[in-house]
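Shared chain: subunit A. Partners: subunit B in the first complex, subunit C in the second.
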Partner chain A sequence: MSNIKKFMYVNRRAPYGTIYAWESLEVVLIGAAFEQDVSLAFIDDGVYQLVKGQDTAGIGMKNFSPTYAALGDYEVTKIYVEKESLEERGLTLDDLQHLVWEDEDDDWAEKDSIRLVSCAELAQVFAEQEVMFNF
Partner chain B sequence: MNLTIQVNEGPYQHQASDSAYFFTKAALEKGHEIFRVFFYHDGVNNGTRLTTPPQDDRNVVKRWSELAAEHDLDLVICVAAAQRRGIVDDGEAERNKKDATNIAPGFRISGLGQLVEGGIQSDRLVVFGD
Partner chain C sequence: MPIEVNGKTFETDEEGYLANINEWEPGVAEVMAKEDELELTSEHWDIINFLREYYEEYQIAPAVRVLTKAVSKKLGKDKGNSKYLYGLFPYGPGKQACRYAGLPKPTGCV
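Now for the complex of A and B:
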């Protein structure tokens, strides 16, 4: 498809209290087939979606967090995490899954997908987008 | 301008569907084109013909159906979200062995690709939700 747009999926909510996080991920996975310029952002409670070692046995829900690790294979390589949101919740990058993608233009070198950005930097990224999904 | 509208909440519990309806109607009156209205999350519940709101209240579902008939709108319900929440048309009833359908006139059930296509094809994607 010649018409490539900058798509941004903004994830603002904790993973299991509502279905927004999971259904957002479903749009991202389906949308990957359209070969757009895709970015994801995790802000507010949305940063909890990426926390590693999730165990949902006690709440009887499917643990969909392993799916985030597959995003690199879908060529989703730009994952912005807002620094302030992490800090407000007492989290650091070490608490999140280590998400990577393989760069075929660099001998399939494994590269980090997560970009830790400030609120102001993220605002700049948002301003450059053409299609904003908000979950 | 060519617009795709996304509705993320069901009728009555949230204002999102009301706001989306009024926005869509106003956009059409101003001469804009609506490429598609896509119902996602609990928004799929806007597409059941089985609601019976009190007579002195607005009928959210019927209002969408009437707007669709008047302007030939493409009202699309996400199939994955619909299956979770029990919004069923003839095809879904047959595929998933359900004993009834409930889809309202003017709505159709299709995939998330329709939403992404809306984002690509339209000048703006306008999202209504919580």
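Now for the complex of A and C:
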């Protein structure tokens, strides 16, 4: 396909309580079939979506956090997490799932998907995008 | 329409997918396959079991493209291609194999 666009999905909300996080993830997985240049960004309470060890038993909702680990299979390899949002919530990268993708062209080497970026760096990434979705 | 397996009744949705994935047992796949006039071989079971493991780990049924790539990696290139998978599951490896495995319809599958 020659018409590849840069798609950015911005996630700003906590994973449960609203449907936004799951809807975003579903759109990303479905959209992956169109083989575009996809990036995800997690800012504000959106960073909670990637926190590891989630347990939803108490709220009677499906824990969809394991699905983020499948993003690599869907060739979604650029996951930006905003540094300031993590810090404001007392979180570090160690509190998040370790998301990787396998590079077919490099003998299936596992590579990190998460890129920790400052607010200013993320603004630059946003400026390069052609299509933005906000969730 | 509910299906009968060894005297037990399993609820399904309007497209024949199992209503409750946790109720699944191998007999479900056997009965569904018989309705499609398909005999399940160990090659079919490789894919069905693979899908169940994938769901267990990621909580989604993989898209066909993802399935093909993952099968290729796990079971070999001769099996990780759509020709082989469609040969096993003529109604589509995503739809048919996921249904037999008790999984919901793959995300994004129409």
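Just so it is clear, the second predicted complex is superposed on the first by the 135 of 135 C-alpha atoms of A that agree within 3 Å, B and C clash if a C-alpha of one lies under 4 Å from a C-alpha of the other, contacts with A are read in each partner's own complex, and residues count from 1 in each chain.
Methods note: contacts are C-beta pairs under 8 Å (C-beta built on N, C-alpha and C of every residue); 3 or more make two chains touch, one makes a residue touch a chain.
All values derive from a computational prediction rather than experimental measurement.
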Quiz item: Which partner does A:A120 reach: the first (subunit B), the second (subunit C), both, or neither?
Solution: neither
Exercise. Considering only touches as defined above, state whether A:W108 meets subunit B (first), subunit C (second), both or neither.
Key: second
Quiz prompt | Partner chain in contact with A:D73 - subunit B first, subunit C second, else both or neither | solution = second
Quiz item: Thinking of the overlay built on chain A, is A:N63 touched by subunit B (first), by subunit C (second), by both, or by neither?
Solution: second
Quiz item: Touching A:I30, do we find subunit B (first), subunit C (second), both, or neither?
Solution: both
Quiz item: On subunit A, what residues does subunit B touch that subunit C touches as well?
Solution: 26, 30, 33
Quiz item: Hey, which residues of subunit C end up touching subunit A in the complex?
Solution: 57-60, 62-63, 65-66, 69-70, 73, 107-108
Quiz prompt | subunit A to subunit C touching residues, read off their complex | solution = 26, 29-30, 32-33, 62-64, 66-67, 69-70, 73-74, 108
Exercise. Provide the residue numbers of subunit A that touch subunit B in the complex, in ascending order.
Key: 1, 3, 5, 7, 19-20, 23, 26-27, 30-31, 33-34, 36, 131-134
Exercise. Show which residues of subunit B lie in contact with subunit A when the two form their complex.
Key: 6, 8, 40-41, 80-81, 84, 111-113, 115-117, 119-121, 125, 127, 129
